[in-house]
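Each of the next two complexes has chain A plus one other chain: chain B in the first, chain C in the second.
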Partner chain A sequence: MDFAYTPEQQTLREEVRQFIAEYVTPEILAEVEESGVRSRGPKTREMYQKVADRGWIGISWPKEYGGQGGSRIDQYIVEEEFGRVGVEVGGAGSGAPAILAAGTEEQKKYFLPGLIRGEISFALGFTEPQAGADLAGLQCRAVRDGDEFVINGQKMYTTRAHSGSHIYLMARTDPEAPRHKGISIFLVPMETPGITVRPLWTIQNDPPAPRRTTYGDRRTNEVFFEDVHIPASCMLGEENTGWYVGALGLNLDRVGASRYLLSVQRDEDIINWVKENDMGGYGPSQDPAVRDRLAELWIEAQVCRLMTMRSMSLVERGGTFTYEGSAEKVWAPEHGVKTTETIAQILGAYGQLLSSSEDNIEGGVFAHNLMGAFQSGINHGSAQVMRDQVARRGLGMPRG
Partner chain B sequence: MDVLPSEEEQMVKNLAREFLEAESPPRLARDMEKDDQGYPPELWNKMAQLGWFGMSIPEAYDGQGLPLTYLALILEEVGRSIAPVPFHSTVVPALTIASDGTEEQRQEVLPRVSQGSLIMTWAFQEQDPRLLPEAVQAQAVADGDHYVITGTKMFVDNFNVAEKCLVACRTAPASADNQGISMFLVNTNTPGISHTPLVTLAKDKQSKVEFNQVRVPKANLVGELNQGWTVAQAMLDRATVLLCAQMVGAARKDIEMAIEYAKNRVAFGRPIGAFQSVQHMCADMTIWVDGAQLLTYEALWKMDEGLPASIEVSQAKAFCNDKCQAAVRSSQVLHGGMGFMMEFDLHLWYRRVTAWTMRLGTSFEHRARISKALIDQPGKVWLGMDQIPVA
Partner chain C sequence: MPKDPVCGKDIDESGARASTGQTAHGAAEVDPNMGTRSFHNGQWYYFCSMDCRTKFLASPNTYTG
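The block that comes next holds the complex of A and B.
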């Protein structure tokens, strides 16, 4: 067992922090706040280029595809530090892990350098109106037509469809096969004719959730496919193996820094807030009940961290997940909700003030979190479904 | 960073499990609950031959000189098999002698512990059971070449079979310099000592120990006079993290039994383990024990690295208290009426894990230590920071 970052990794963290202090300016942060609604702004793109120049995007990806061939933990450190200020860089939800695992040589050569340069980004096209937690029920069809596929159907809650260059699409290629065995994945350029994007506004849009809010997404989308013709070379992995390719992507996405931070950032925030606001020795920091709860939350947050580290260790060892990713996906989001709701009771009436209120606390992030935190237990595998997986895959319990 | 056990660590654990599965069936734990001594000397001797008691004792004193983590992995397995042996109570004071004792004390104690010929215990708690310096009221008064100890110690583990006991005493009022506590290594057969067995939830062997004018040679002072709180704190932290390891092992075995039971017990025409509500309980139980284990391992690792670890120890114990308890209670629930029956073994684990939640610090005590570090020290905190500032 070894719970330490290496000295090099500690230096890397310091360098990233210095970079952030220097280059992640208020203008960029303001742009980032807007980017949930529009695409990435010019200053952000400039900054992102600097990050890429330092070799900090796709650190763990192979060199031949523009990565650094480095460790997953280095990459995690970079993502964690940027994540703390609410700026997402590279890696996590990019689809890259699945492309690396299942893509063709051409796909790797095309997508990975593009992802690193920030020219390519994916919207995740999994959910449909009638297929959410029960994703294998999806109906969006892709029908082979010579060297092409023709896509018809609808996707739902496709968060980056308005800003991403591509959609990472799960579609049914064999309606006769058992549910999980007739699905394929396609990497489809968003500008392909026949794709329409319609915004879905969330409860975080007005007033806008501050950056760093857990599920502060202001906008997501519906995406409609009408006779969308794409070359067969857009397919990722073998035809009809999409369920497994997709699951691989999800499992790897669950273990990154951004998922972890979603669940624990408010722990750090509230502790630092009560420290700085002790009201002359009369604040919540002196209330024994509050102190006990904060310590409890802190311990649980440490468990989130350690579960993330366990997943990273497994990946670094080249091992496979049986239930660890799912366990983390139950524990961390539910912890995040507990923290969020505890904070409401610590702050009292101030806890309800949203971002546009002058008197809000910390930009209203705690109030907006009350609208978003529970979403983290639904997305990317709901807590219920994740518990099923821990029980069935991890513990070998029988299907109902 | 690799938080999973290394190959060697895993091997030590596997070997311990194999041995204990063969040598320490639940029957033994059950029998020892009714036994006057409370442990089987044959099993004790076999463990000694395996070198377990000297695992983390320096090689110069016949030990193996391995990091505490190795000892903890063995104790995790001891917890798993609920082996009824005075293992924890012996190694804890022995390790304190190793770190804080004089050369003579080490010579006298450590080789015998390594060989398994010396059973030990320690005495800290009193009428006020909290692990605070203020709670130590037993007096030790200098008299010539001796200290004379008078007072009552509570919850002294395995005192009935221990030959030596490390006792925390008050030798001065607390002052700006120190807490006025000193630690003494006391032979349990010294005149003036009497003890009464306590009847406990775990049906283990704990005693109320009365010291009435007990004369202890000055050479038996462990650490500096009046500076014993530092020694005691280190001892309690070590004891706590080792107990956490034991709890994790016991809780893990306990929930495995429940999961197995759920796969086989049929109700409403199917195994209860096929019901989603039951599956979700089992998932949570697993997650809780995993969390307890990770926190425990991190605390051990910090200690082995020589880093301050008191916050990590408290994190582990507070979490173990709450979550191992919840896990073994859920196991009881999944067993329906059967878990409540004396003839069925599950309660052997349940009663121990539950009792251990009340030993070596309650959740409130440990969380108070954590909040003090988190809140009362200047500077921002963040998860994963090297060192949480300690009060």
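The block that comes next holds the complex of A and C.
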């Protein structure tokens, strides 16, 4: 594995930085702040279109579906640069890997270009009130009726249900089969009659988390399905193979810049703050304890970077990728919790001033990250579930 | 009018189902202050709060008789 970026990749990074300096204007940042990192307002959509026009969304996706057939590292560079200014652009977390792996030709041709243009975005409809860590206990039913399926049931903590165009839905298609074998995945348009969305506000909502908060979401949702009729062609993969399609997709969706950014951005923010600020005669950058802790955090963040690079390299070379994404999903959020705790110690009471306080520092980002760090160890697969996957897929232990 | 099976409060079912707007892509949004619900054994149960629903889900037979 070559750890250095190629000259072309360095140039790409420079181009992305220049683009950000020119087009990611204060108005766009204000809009992102207002609508939340994961929902796009009109100005952000316009800017996103420019990013897409440059061929920077879905760089590693095949050309026949609107991608560039390029490298994941290039895609990573773009995601990382945008992530640093708190703007999310496609790529990881998009649902695309599962569609590429299991979709029909028609689905690939419809969804992938739509994802690149920013017209399609998925909410992940897996968790239910009684099926979280134990996801295979899900009860939402999809019953075949000729060329259609009829869906009844509910989902919970569905983060983008209010902003996404589709829900990537896991439902039970065979209640008689063993739990993991009677499940299918459907790509359901949110506008389908019978779908109702109820907001669930999280600890990041009041006051609203600032744009550069790298952890957590302000709003998630409950989604109710009442006699929702969808064509059978909405199914992703074969009937009753949804557990495996879903697991593969989730795993591949973890490959990208977000985990490392989650790890390192908070470290960099506090390092810069400590270097530039003096809290009433207490110069923290000269304090040996502070220096020691920050150096340690930064070193740990590099472990996450290496994990990210390894994942990308494995996937790029078509190698088996089973537990590596889960390991990264344990490391980054736990490092994040440690980072925010350390930051809370260094900043003392300053670190608790939320975005609503006139006296907040850095827009309240440190305080909001302190609350949000705990969200990231739960969403997209909890730390315990991830460790269990490492035990099974990485260490060869039987299902517990 | 249905009752919350856990605390016995009257539930305004039509209020709980009434659309208060639309999501960005056309799904109906409902008012979170009107309580929540659960699809259990082929039937919707309505609750005044998530608090009551979690009690119900822990032991549905206690509340469905």
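Observations on the structure shown:
Keep this in mind: the second predicted complex is superposed on the first by the 384 of 400 C-alpha atoms of A that agree within 3 Å, B and C clash if a C-alpha of one lies under 4 Å from a C-alpha of the other, contacts with A are read in each partner's own complex, and residues count from 1 in each chain.
Keep this in mind: a contact is a pair of C-beta atoms (placed from the backbone, for glycine too) under 8 Å apart; a residue touches a chain by one contact, two chains touch by 3 or more.
What you are looking at is a predicted structure, and each value in this text was computed from that prediction instead of being measured.
Of the two partner chains placed around the shared chain by superposition, neither chain B nor chain C is touched by A:242. Of the two partner chains placed by superposition, only chain C is touched by A:189; chain B is not. Of the two partners chain B and chain C, it is B that touches the larger number of chain A residues.
Of the two partner chains, chain C is the only one touched by A:139; chain B is not.
Contacts of A:97 after superposition on the shared chain: neither chain B nor chain C is touched.
By the touch criterion defined above, A:67 reaches neither chain B nor chain C. Within the complex, the chain B residues that touch chain A are 1-6, 9, 69, 259, 262-263, 270-271, 273-276, 278-280, 282-284, 286-287, 290-291, 294-295, 297-298, 300-302, 305, 315, 318-319, 363-364, 366-368, 370-371, 374-375, 378, 380-384, 386. Residues 17, 19, 23-30, 32, 36-39, 42, 44, 53-54, 57 of chain C touch chain A in their complex.
Chain A meets chain B in the complex at residues 1-6, 9-10, 73, 80, 84, 264, 267-268, 271-272, 274-275, 285, 291-292, 294-296, 298-307, 309-310, 312-314, 316-317, 323, 327, 330-331, 384, 386-388, 390-392, 394-400. Residues of chain A that touch chain C in their complex: 39, 129-130, 139-140, 152-154, 161-166, 189-192, 195-201, 222-224, 226.
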